[in-house]
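Just passing along the structure, written as structure tokens.
In order of appearance the chains are A, B and C, and numbering begins at 1 in each one.
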Amino acid sequence: MRRALGLLALAAVPLAVLGVFFVVPVAGMLARGFFPDGTFDLSGALEVLGRERTGRVVWFTVWTSSVATVVAVLLGVPAAYVLHRLTFPFRRLVRALLLVPFVLPTVVVGVAFQQLLRDDGLLGGLGLEHTPWAVLMGLVFFNVAVVVRTVGAAWEGLDARPGEAAAALGASPWRVFRTVTWPTLRPAVVSSASVVFLFCATAFGVVLVLGGVRYASVETEIYLLTTTLYDLSGAAALSVLQLLAVVLLLVVAGRLRAVPDPTASRVLPRPHGPGWRDVPALLLTLAVLGALALPVGALVVSSLRVDGAWSLEGFRALQTTGGDSVLVVPVTEALRNSFQTAVDATWISLLLGLLVALVLTRRSRSTGERRLRAVLDGFFMLPLGVSAVTLGFGFLVTLGGQPLDLRTWPLLVPVAQALVALPLVVRTLVPVLASVDDRQRQAASSLGAGPLRVAWTVDAAALARPLVAAAGFAFAVSLGEFGATSFLSRADHPTLPVVIVRLLGHPGDGNYQMALAASVVLAAATALVVLLVDRLRVPSMGAF
Amino acid sequence: MTARTRTTLVSRPTRSLTTLAATACLALGVTSCSLVGSENDDTATGTPSGSSSEGLAEGDGTVVLLTHSDFYLPEEVVAAFEDETGYTLEVRPNDGVGTLANLVSAQAGAPTGDVVFGIDNTFGSRVLDSGAVAAYPGELPDGVEDDALPGDDAGAFVPVDNGNVCVNVDDTWFADNDLEPPATLDDLVDPTYADLLAIPSAASSSPGLAFLLTTIAAYGDDWPDYWASLMDNGAEVVAGWSEAYQGEFTQGGGGGDKPVVVSYDSSPAFTVGDDGTSSTSALLDTCYHQVEYAGLLDSAEDAAGGAALIDFLLSPTVQEALPESMYVFPVVDDTPLPDDWAQHAGRPTDPFEVDPADIEANREDWLVEWNDVVTR
Amino acid sequence: MLRLDDVTLRYDDEPALDRVTLGVPDGAVVGVLGPSGCGKSTLLRVVAGLERPDTGRVRWDDRDLARVPTHKRGFALMFQDGQLFAHLTVAANVAYALKVARRRARVGRRGRAARVEELLALVGLEGFGHRLPASLSGGERQRVALARALAGSPRLLLLDEPLSALDTGLRERLAGDLGRILREAGTTTLVVTHDQEEAFALSDRLVLLRAGRVVQEGPAAEVWSGPADATTALFLGYARVLDGDPAVRLLRAADLEPGGAVALRRSALEVVDEGTSAPDPELLAGRVVEARATPDQVRLVAVVPGIGEVDAVAPPSSTIGPGARVVLRVEPSRVARVPVA
């Protein structure tokens, strides 16, 4: 009991933040949906769930997410092998660049794909524009890095000896993979697949921008119900449906993610140079990299083309407020705002993430404690899977009232972004903290070191690099965050993605060119941060 | 400790420390360690005053404006308001018109601001019905009354600007292809113009909804048949205005391939070339009239300041700035327009309109049915 | 001195320690011996202050330690695998204990360096100070861990299976060193282990722990020669325990007073001759069913009528194989009488 209280005390700060900035807004929206006139009334919600259209929307969400997940896994696993088990020049650079799509804002990706898929684009001949296939391509583009990072981290830490033993017994390489490697990798693959599915099923911008209007997902349907039709009962019903599905998925993923003993020592194999046997995997990886590079390349090229000639006009215009002064501040200042916001979002998410990771990794003494920990673990992952629209609108509706008007709080946007980055930070720190042998702390303590000194000697030493890595990740995510920011940012303090969308929303005088150039700057800034972070070599970064 | 013994063990961390430092510098150098960098702490000087503010609640000198994310007024215009009235203006943008309307309705009686701006005549009835907007106590300048929201008998909503959603055509393209551009809604379903039209979605964009209302006003109950013909004729429906205009339209800057697009009557003013002529024009027989309103929020903390802000929105300073900053036309009579606008932004004489009460009653059914037609 | 009274601790209602009472006199080395899972590590953690007992008291010199946190107890805990701080050099690891130790044991910077060298010399690792732990062998790491544990001059040294992680040869050598170092340092020590040889090599007194309970306690030699019951005897390395008539017959052959059960070490019976009949009542006749040669002796299993299967040894030169008839003599010092429960 005493330990459970201690656990909750440590969790108090992150719980409070998540409570105020997540539970209250979401609960506020659900309450408006289920208590339409102050009394409990489920009829509106049930009516929406019974509609034929809702069935279609759910089906579209499920099938696109499933197919995108399968494709991401099929492409990601061989790429994980190549990028994490083979050595070749620029391996680290390639791994860093691979993460760029994951943190690019949807609007930018939308623009990039548009350049490719339109009739005169490089892939225009395929006629994929505004088809479900375009949506699928977008979803895979965003998420393949999740599979590569997660599976790659597991593969990198895989003990080579059982495989070698099997080979010595006469097993063919394929048989070794099937009978020895795959069972060990499966938790990582399943876990990354479930997270990718989660990202796909709650994707908003990708579906809206790449799918045109013909296709609606649960997320876009919630948006339509909330903002245009003002059918809050329906939106609440779909939100709850989504939330339940997410919780179910997290529970399943949690079960499958369980690893035998994180502190067990392993023999880490050295990566080797590519051989003939690796040719298929290498070719596939090249194809994946090419596929990821195409939209980004298209974006860069069109940012440099003005009226059929090469020009830096778009980039030069970044110091201005655009044609007809469409912007409140020059793009360069928006970039500065983005950096400032990102700094705040980073320290907030690190602080919260560190506390959460500490709570989650202390050794449990009883099954009750273990269960409590598992519940907390799932709880802190929830922001991953809840409709940004529900959350954003909930923010607007619930946080404005008395006694405390958080809408004017300068840290509102950073806090919201920190919540978006929190699951990533937690997933980066937890494996590291879990792999610290608790007896190291006990040894230090028994020698006479007080609690702070123990934390400094053991935990700080282990966490230094992963913490910096998580910081870079949170920084990059914050730089690219648009969903929550668009709901909350102040007019005179826009971030870069907000400015890009505004430029795209106004005609004339090179604004479009400027938006492309700003997108390239954003992508480059993100890539740079990720690259610096990747230099720190933390295998679990960006893995789930 | 059974891991393979490493041999180079003594000074390994140096390189990562360099990287660490570089990362830190990147973060700190750019922002000098932020706790949300610059704060606008301009405090109001002088006593707040407003022409129509007598007898209204007085707040702390800050007027809070709830609006949509496309709201923009130049810095000097905002400064003029603050100088003239002594109030400080705080702008809180909230996504699109739909979100704004729903937010304000949801907060009726307990608003988080003093004034709402940007509710248009497609969402006006909803907000009016919610009772979120209080009656405006001031006098309206000439011409403003013409755009009053039908059904708003108490005069709660004050028209501030208007504009028309019209089909735009790329004249250059039609000239190059030796084709007469379409002129009417009926032309758009003519096979001559197959595969040429891009439309923003009625479900996720404001001009898209306006164009749907255009067709409802034009064809009455037969509008679904018209849309079926549009789709059969190869119309492209995309997510929003920027996807349509900048992504699909041949003159939108994004290298699109559709020479016909649903946009605004002001759009031709943005495609004026070096020779002083516009390469595009709006089809004035296909327009839907949109009006944006400002309203004093019921139970606002600083109603006096709110009233002063609405007065200011109708003043020549704002009215003259509207075209350049928000691409809309002023409502006050005799407000001068920018040259490009005066020359190239033609105005329809008899645009389509649908009664706001009808919209409110049928929006959901229409959108569901529209969605069925376009996704068929 | 350390005293535990009636200490009980449960994990999920499974008792890990069940009313454990024991004492460690000043200057003594007490070994807690038990099979894995018997609760001996938990016992060590309770003493170190890493676990809080549900009931019972842990006292040092009559002072209750319940409210004294681990780092203020003035004990030092050394783990099976050393748990050196991988990012600190050997010298820094040892000096760490000096830096964080209770005030009494703290020394200045210069004194510290000298003390570190002195401790490294004590464990036979002079000149290793600048190395990182990962570059040491397992035995070297354990020595560093020992030096680190001793550095703060702890009131009580807690050793958790100090030699188990090492291979056989090294273990024997280090066991001797460790015993010598502990005696030289005169440190009061509590060592837990599952290995009888490690326990006997290090301890003055032994405490046998099974399923969380103390089953036997006393000077090492007494425990060794008088196991409390059959299970204890088997755990202590006795090969077989005989009961009833076979026990009576064997004790008689050993010229001991019959009564209770008897535990036999592997070498309790020696082959004195080959043949079918025992010429003397103190000798037993049997038939060999299994024989295995080792460098020191030939190990046999023989069936003795009236007793059953027993273990026996023959000189290394003997060529006895299965089926052979042998005459066996009982070595009384290698049998122990066991009270019947």
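Following the convention adopted for this analysis, a residue touches a chain if its C-beta (ideal position, glycine included) is under 8 Å from a C-beta of that chain, and two chains touch if they have at least 3 such contacts.
The shown structure was predicted, so the numbers you read here are calculated from the model rather than taken from an experiment.
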- The chain whose mean C-alpha position lies nearest the overall protein Cα centroid is chain A
- Note on the structure: Highest contact count belongs to the pair A-B
- Task: Take the average of all CA coordinates in chain A, do the same for chain C, and state the distance between these two points in whole angstrom.
- Result: 53
- Item | Averaged-CA centre spacing for the pair chain C and chain B, given as whole angstrom | 82
- Item | Distance from the mean Cα position of chain B to that of chain A, given in whole angstrom | 30
- Residue list for chain B, restricted to those that touch at least two other chains: 1, 3
- Note on the structure: As the complex stands, chain A meets chain C at residues 365-367, 437, 439-440, 442-451, 453-454, 457-458, 461
- Message: For the complex, give me every residue of chain A touching chain B.
- Response: 32, 53, 110-111, 114, 118-120, 130, 208-209, 212-216, 220, 223-224, 226-232, 265-268, 302, 324-326, 328, 336-337, 339-344, 346, 392-393, 396-397, 400-401, 405, 407-408, 410-411, 414, 464-465, 468, 471-472, 475, 486-487, 489-492, 502, 504-513, 528-529, 532-533, 535-537
- Task: Please give the residue numbers of chain C that touch chain A in the complex, ascending.
- Result: 11-12, 45, 48-50, 69-79, 83, 85, 87, 96-97, 100-102, 148-149, 151-152, 158
- Touching residues on chain B, where the partner in the complex is chain A: 1-4, 16, 19-20, 22-24, 26-28, 30-31, 33-37, 39-40, 69-72, 74-75, 90-96, 98-99, 101-103, 105-107, 110, 112, 126, 201, 203-204, 209, 236-243, 245-248, 252-257, 263, 267, 270-271, 324-325, 327, 363-364, 367-368, 371, 374-375
